[in-house]
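The following pair of complexes shares a single chain, chain A, combined with chain B in the former and chain C in the latter.
Right, the complex of A and B next:
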């Protein structure tokens, strides 16, 4: 005899355990922006990692010559929507940081258009983050951050900076744009780290 | 992304200021322009409202609202000029 009955309505049956607390599933892909969509020509695009020792740069062609991988992941927006099983293609930050040396433990992502967001370096490495250039098998749409966006799916999606241009190493975990203006310094959806 | 003009601020910011925000003039930290808030560009999204300078696009102000709490950021404004009655 079992005291556990499934399918009797109520809470847990409908609750997908891939869904962090306070989140609702969506099928579409809402667009959230803090400003105009920057027009970034891939002929002029560059990606940079900036350390206390100097700057590593990749042009669009150099970037696309790097080994890339398919990424299947759930994404969680702080505005309470989650999207499960999204597919992306991009370059792992492990690849980009291969020859980068820095004494600093924190990273500020800086985007075309001026957006910034902070992430600790150890949350960007070991297969946790990518610079993505494709979504659903297509080049990344500008309104979703194309030509390239940061993808850090284990944190709320404001950390996955659209139109990413640079990762700047920094000695302290300084707050980025939304983090200065009310949002959590870290942003773990499983801990509901939404606001200060 | 579409934006509204600064008059759209009257609603959300009226709750936080005792004067008419759209008539107040603000000095932009980015370019130094002094302009009425009504002329600013307002980008509203579920994550928050972002107010940008119409001259240089610099972020003048932000508003994040979450239930009982709200965060009003004015990092891009060096000063506000308010009309006294």
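Right, the complex of A and C next:
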């Protein structure tokens, strides 16, 4: 249905093949949050994977003793900005799920502050997702999800739950917070899966 | 199983600019006629897509300054767009777009940062329903989320506090207008931080709402220049000024905050310090291009 808008020439022609459709490159790091930034004390922080069989827990010290890796990746927000070549450090979900057994194929990420987002398990494994604790070599800022956030960079960034606390296995792909409030159940930026 | 809000499904629509007028020194008010627009709730936003002759496109999100069901004038939508220096879409919308120009919009978008008059709110109570994952009983986080949904789902009786920084007033002005148009009895207040009188969005409309029957109080904070005879000098919003202006935490207001990330972070942290429940505070931030 697209048609030309009179008088619009376009400001930039720096289209980069790494930019998904409808995205614009930014240099800063915008913030999208539905509510206040929660204060999370690493002394009380814990990370959990909850299955039908029980709960796996890591304290902050236990979590930081896990093998971590550097991640260089592009990130894409549903609000039309992308940031290329960002640097993170975190623990792969392959490591976290090493001893986890579940019959269920879907995951609800739950955060301090009550945020939720749903992701199929097979999109979190095989080097596709991390729990990140550093950005650009520094501890992750609270407004960007510190002390720890999920990082699932091949999906729109609302799936990379800030202040992540638990991954809960579930039998169906139930919608999380934004998925109930207008965003797509899956969220692939290359397919422009932005909205319902 | 999942409560969907009573806001219409989004889609792409062709739109025609009906009028463009100066709103502030740096912003324009654009009235759009949108083919097939299903109406929108106050606080929702839309995406604008512009296409250049060579097929290049640029898309940005804008809050909607108006609201209404899909009847009568409801295919008319008002935007108020601030020019972002060095931006690509906002300078076009502010400086170039004029009556008769055609563009594309996708929407209405967003079902969380919305307010609806009491008459419509019962219908919309499902907006913040917690996710129904299978583990609810086993997971303490789920109980926390359910409480948040309860807190957000009792809309009518509790007062509503709007807190705006700069052009962040746009979705909040839509809520205040919907409240006034409905003659809704919910006590409403707006705290609006703005650089100077010349930067005020919706100055006349907000003053009319103050005088209208629906309970609405407007508190303005000027950060760079005040009108003549203003009782205090210009300065950034402080915690004390915020505390003096907003509904007290004991009145359990629902709070909507919109502005730059710095403004929203500052205001939200003050509200928490003042005893407001984090689950009662809804935020929206603008930034980037």
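Basically, the second predicted complex is superposed on the first by the 182 of 196 C-alpha atoms of A that agree within 3 Å, B and C clash if a C-alpha of one lies under 4 Å from a C-alpha of the other, contacts with A are read in each partner's own complex, and residues count from 1 in each chain.
The rule we apply is simple: a contact is a pair of C-beta atoms (placed from the backbone, for glycine too) under 8 Å apart; a residue touches a chain by one contact, two chains touch by 3 or more.
If you're wondering where the values come from, they're calculated on a predicted model, not measured in any experiment.
Here chain B and chain C are compared by how many residues of chain A each touches, and C touches more.
In the superposition on chain A, no contact is made by A:73 with either chain B or chain C. Of the two partner chains placed by superposition, only chain C is touched by A:50; chain B is not. In the overlay built on the shared chain, the residue A:158 is in contact with chain B alone; chain C does not reach it. Of the two partner chains, chain B and chain C are each touched by A:182. In the superposition on chain A, A:102 makes contact with neither chain B nor chain C. Contacts of A:128 after superposition on the shared chain: neither chain B nor chain C is touched. Contacts of A:37 after superposition on the shared chain: both chain B and chain C are touched.
Using the contact criterion defined above for the overlaid structures, shared-chain residue A:116 touches chain C, although it does not reach chain B. When the two complexes are laid over each other on chain A, chain A has residues 30-37, 79, 114, 143, 177-178, 180-182, 195-196 in contact with both chain B and chain C.
Against chain A, the residues of chain B that register as touching in their complex are 1, 3, 43, 45-48, 50, 52, 57, 59, 62, 64, 66, 69-71, 73, 75. Residues 30-37, 77-79, 114, 143, 158, 177-178, 180-183, 194-196 of chain A are the ones that touch chain B when the two sit in their complex. Taken in their complex, chain A has these residues touching chain C: 1-13, 15, 22, 24, 26, 28, 30-38, 50, 52, 55, 79-81, 104, 108, 110-111, 113-114, 116, 118, 143, 165-166, 168-172, 174-178, 180-182, 195-196. By the touch criterion given at the top, residues 2-5, 7, 9-10, 12, 14, 47, 49-61, 87-88, 91-92, 96-97, 101-104, 106, 109-113, 127-135, 138-139, 141-142, 144-145, 148, 261, 265, 268-269, 271-272, 278-279, 281-283, 285, 287-289 of chain C touch chain A in their complex.
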